[in-house]
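Report on one structure; see the data block that follows.
First chain written, first letter: the chains are A, B, C and D, and each begins at residue 1.
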Amino acid sequence: MNFQLSPALLELQARTRRFIAEQVIPYERDPRQTDHGPTDALRAELIARARDAGLLTVHASKALGGLHLSHIEKAVVFEEAGYSPLGPVAMNIHAPDEGNIHLMEAVATDAQKVRWLAPLVAGRTRSCFAMTEPAPGAGSDPSMLQTTAIRDGDHYRITGSKWLITGAEGAAFAIIMARLEDGRATMFLADMAQPAIVIERQMDSLDRCFAGGHCVVHFNDLRVPASDVLGEVGEGFRYAQVRLAPARLTHCMRWLGAARRAHDVALDYARRRQAFGKRLGDHEGVGFMLADNDMDLHLARMAIGYCAEVLDRADAGEEGGAARANFESSRTKVICSEKTWAVVDRSVQVLGGSGVTGETVVERIFRDIRPFRIYDGPSEVHRWSLAKKLLKA
Amino acid sequence: MNFQLSPALLELQARTRRFIAEQVIPYERDPRQTDHGPTDALRAELIARARDAGLLTVHASKALGGLHLSHIEKAVVFEEAGYSPLGPVAMNIHAPDEGNIHLMEAVATDAQKVRWLAPLVAGRTRSCFAMTEPAPGAGSDPSMLQTTAIRDGDHYRITGSKWLITGAEGAAFAIIMARLEDGRATMFLADMAQPAIVIERQMDSLDRCFAGGHCVVHFNDLRVPASDVLGEVGEGFRYAQVRLAPARLTHCMRWLGAARRAHDVALDYARRRQAFGKRLGDHEGVGFMLADNDMDLHLARMAIGYCAEVLDRADAGEEGGAARANFESSRTKVICSEKTWAVVDRSVQVLGGSGVTGETVVERIFRDIRPFRIYDGPSEVHRWSLAKKLLKA
Amino acid sequence: MNFQLSPALLELQARTRRFIAEQVIPYERDPRQTDHGPTDALRAELIARARDAGLLTVHASKALGGLHLSHIEKAVVFEEAGYSPLGPVAMNIHAPDEGNIHLMEAVATDAQKVRWLAPLVAGRTRSCFAMTEPAPGAGSDPSMLQTTAIRDGDHYRITGSKWLITGAEGAAFAIIMARLEDGRATMFLADMAQPAIVIERQMDSLDRCFAGGHCVVHFNDLRVPASDVLGEVGEGFRYAQVRLAPARLTHCMRWLGAARRAHDVALDYARRRQAFGKRLGDHEGVGFMLADNDMDLHLARMAIGYCAEVLDRADAGEEGGAARANFESSRTKVICSEKTWAVVDRSVQVLGGSGVTGETVVERIFRDIRPFRIYDGPSEVHRWSLAKKLLKA
Amino acid sequence: MNFQLSPALLELQARTRRFIAEQVIPYERDPRQTDHGPTDALRAELIARARDAGLLTVHASKALGGLHLSHIEKAVVFEEAGYSPLGPVAMNIHAPDEGNIHLMEAVATDAQKVRWLAPLVAGRTRSCFAMTEPAPGAGSDPSMLQTTAIRDGDHYRITGSKWLITGAEGAAFAIIMARLEDGRATMFLADMAQPAIVIERQMDSLDRCFAGGHCVVHFNDLRVPASDVLGEVGEGFRYAQVRLAPARLTHCMRWLGAARRAHDVALDYARRRQAFGKRLGDHEGVGFMLADNDMDLHLARMAIGYCAEVLDRADAGEEGGAARANFESSRTKVICSEKTWAVVDRSVQVLGGSGVTGETVVERIFRDIRPFRIYDGPSEVHRWSLAKKLLKA
């Protein structure tokens, strides 16, 4: 057991940190940011900078132009990226593209890769992942999937409504989860620019960091050729898991960076602001919040590192690795979503009036991070899943 | 000791509840709501409805057209008003006007009442309370007040910068807190429409329920006649306390209503939404959150009722009443701000994806209520103040 | 709504407070206290003092020599009694006798009252309530009751094992819950001094405040005449509820007193002890704990008062009163057991090394109070029960 | 960064686990256990078994007969030892001897080692560490030290009172912290069997796992030769830190084992016990507690591992290592003491009535572990210390 990073990884960490500080943070007050995320113009500008810095889509395979980072390496780099709300967008490692790239590298055909994956990795397009449905469809419980895919010759006809589809507005293509007539779930690839795909609206949402926002999308008898099935027919739920375990973990990594940022802003304020005759931070009530932040950040980082190793070993074919990865990513997701939330909430409290206004980036992080306790499985679903496994073991 | 409400109060409660449900909630999706609160046009329309319903500015004295409610009575009525984010605006009992009315009734001259208070109570104007300053000025620690008021013949010349001034944009007048040359704090009344008063900007803020938003305001050598001093010269800090104890409590009342609303929405959802083979609410993990909400709402309501009685008795001249009111309003503020927050956060969690979007009113309440743990004294300042009093007692 | 106590109740409160301070607390280091509670000799001495002070078995009816206190009145008096671990024993209002008296007054025959109730109220005997069973029998879930009562002519033959039977050692009689052949539960009265009743052992337990401790008891074909059925045949579960709602609440009252005691000891220490250059209590980290204690005690007291009124109204025949009493006593039990626990745990922490030793009474209260989060329904069972009712309402 | 243990360490872990399970746990109901810990006869018997198993005093240097474990290695082995309350006693790695051995190996003279350290390492004697004093002396704040050591020729004369001196009763010798005339603190070694050392009493205490209990000890003009100064004169506070950082961490390790035991007992019960129609653990309210336990144990283990590495690197002479070790052991102590406590408290709750009685070992662990949030620095002192360092950094 050791906690040291290799010199190469330390260098990559330092380089990413510098990139975020010098090239990304200056954009944080850029007006090209809407309630539904940065505009594609702003995104393109940021991506160009990451490309120049050699930090674009770092997790992708080398063949596709990435650095093929291990999970442990991603843990270090993505935390740095998350230090700015614009960092993951700039580096093209934001959700849902990051997870979509991961999944497509694993299961897409060569033709699909050329057509959809390559431009995505290059940062020239965006994608979306169309799984979640409004009640009574698939939310936390994916088995309630209602969107149907009916076989029709060498095509499928997809009909259904989705919501909370991150990045749909502006996406070049979608991965669509639908249920076959026999009940099995399957994933399909489809260009978004088709009349049978209607984006009803971008939903008002607490967070504002995802390019394209969160959309309500209807598939109205969408025809998809059988060759655009992603992976095997009927493997939809399994692929969702393949995608989800690492996707959950990269969320943890990025939000850890965001929480560290909030803490740093609060700490800096506590060093400078005076109240009741001393520095704010010298009041134990404030100092304790800073200490708790420090502990929570530390523990979230430890949990991420541990889980990353489990995922790396699973990728390397360790026996039982998939089950272990599943358990560990659940556990880590609960830990990180709750601890980073606590850190950000405390940081707001330390900042007082400044904390609940746009005076610092913390209010923005506060809004952006709250949904993480819900998406990719709410804490309650994960706790229940962990309990079942503990009881069985 | 008893917990029953009088028939008259029950009737007023029911009437308010009906008013909010039938006349106010339908406006919640009215487009005339901005990031800095409802527009004055929307406000005027709502106020007309409250006037028709006999529910406008109910806390004001009968002479001024109100119902002269006791604190206990306000506890009941304001909770109902807070059930909609637009309720307090409609009934003209929102901050800071509600507290300003309370203070001016207590200390303004007849001439000041005619000029400024009467139209405010009638809902024809809005006001603001200009006390808080950016660092290194007066925030949680009012003794750090930096805005100066220099005597100049029969005038004062006021210079300084304020921020987080709720409702400044669109306010007819301000109550300004400034420090005399001898260090004593004094309150002044001044029309806002003067060149010496500059609203630099409306601050981006987490909450969006306050008409006029939160502003940065500069007083640039503002001349105020001595006759526009509010109350006695040098009594500024004392009046701030006079205003603050009940103002804190009315915040508790309104936010209790808001938290109850969030809980009701979540409860309704938990009754209808299915997941993993049963109703959402039948999952203990969700049911426990609902039970905790119920307990927290109950306790907040108890604490408010108790504090209201302490304030009523203080108003009636009970010996030691002011000190008791001060302690009790601190204690109640911490309790209510933390418990209502917990309720709203849990309600978001129960709602899942819907909870972090504009699909329900809960996301809006979530944003609006977070700052309450900070303004009117952050929890940390109150805990410290409570501790000092406990140690002394 | 008002929170004032009548002059008569204030007088009774003051008298009880004085009695505890002057006559009971001096016994707290009396050696006649074992790991299984005070000895019967010590108990008799304390009871004699309460009798002289007119404070014995105050909740019993006047006919039986008590003061026939309402639930609201009990709330005030029992909190005072709980201020010393020996207070409830001295005043003969401890569990399980207090609840047994309540139940027997409601449903026992005159003959049963003369034989068993009168000496119990007079403090000359003790009793026990034999319901809980070891796995796989009735614990939190009373429907799992396994002890059987087989009708045999004009007798019943009772067989089964019970545990956690408080006060069994030394009790004159037991109320036994058993299941008839047709599955219905029934309560029986029986003298303990019979060969068919075997006390296997007094269990080691965290708490040490209950006279007689907690016992494992076996009923080996115990013959009970049909005339010793308590109340109606088949009404056992209903009576358990009749007994339980108020019994839960009196636990809340007594433990509130105990928690207030712990807080007072900690507060006193925080005023006197120096550390790191100032009074312990002047450290915010400690002061905040004291403030939290104060808030929790206040809220527990409010919840008890509210619930007491609900029970008083139910006793007065209010429509729906029983259901309301059931809900309210669940809610109050969770609130009080968790808040008093938090208070005592913080008091230990404030006291440091002294807190985890017998140097103060706080370590004793810490041990005694922990089980209250479990007995009379663990928090988890109550939360679940509350949730079900909220979902239904 | 990796989280794998070496094969040799895995083997040692497995061997320790087996030893505890097979040789130590069977003694847990041995009657030779008092309110002040296991008797010395029981201890001798356990130590003989550890010696046979090659697991005695494993942290000591090889020269002295130990395995000279690194901190990382201790993390693994001591957690296993802590799985039984008797494990650390059996393996001679309990407090305060474990820390005393560590300190004496670092600073004692050869003569002192022969006389006092060798028999201690061999498990033939016990020792105590006499630093803590009753108010107004040195508690959390060591600078308040009042015990004096007056130079008198080639001797010192030590006078003062100590309390909470773990293991004093039955100890062969003490390390005594006293203050010289010039104010500097110094440590002294002294045999306990001297008339000038009086053990007033063994204190009643919540925990019962430490051999010899916690004692009040008086030094009445005790003469100590200058050659029995431990280390350098005037270095007392520095040595206390040398001793404390690793001693805090070994506490974390052992208590992690204890908490894991409590969790295992609760988990096993939740698998077997039925309530309300299903397995206890299948109730989400219970399952969530088990999941939280699992997460807390995991995080505590991660924190310990990380801190152990920091200490190992500091021991290896890393620049700034001592300061880092100090910070890290504070942070880890807060994390572990609070998380293990939460685990044990939840385990009690899962067990219900069995949890608060001696039916399982959990009640015992509950009592034993609570003081860990206080000794070696209460959480509040550590949070404050962490905050100061964060503010400075």
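Keep in mind that, in the parts below, a contact is a pair of C-beta atoms (placed from the backbone, for glycine too) under 8 Å apart; a residue touches a chain by one contact, two chains touch by 3 or more.
A quick note: this is a predicted structure, and the numbers were derived from the prediction, not measured.
Greatest centre-to-centre distance from chain B is found for D, with centres as Cα means. Between the Cα centres of chain A and chain B there is a gap of 38 Å.
With centres defined as mean CA coordinates, chain C is found 42 Å away from chain B. The residues of chain B that reach two or more other chains are 283-286, 288, 380, 383-384, listed in rising order. Taken as a graph of touching chains, this assembly is fully connected, with contact between every pair of chains. Those residues of chain A that touch chain D in the shared complex are 1-5, 72, 267, 270-271, 279, 281-282, 284, 286-288, 290-292, 294-295, 298-299, 302-303, 305-306, 309, 331, 334-335, 380, 382-384, 386-388, 390-391. Residues 283-285, 288 of chain A are the ones touching chain C in the complex.
Chain C contributes residues 132, 135-136, 139-141, 144, 163-164, 203-207, 214, 272-276, 283, 285-286, 348-349, 352-353, 355-359, 363, 366-367, 370-371, 373-375, 378-380, 383-384 to its touches with chain D in the complex.
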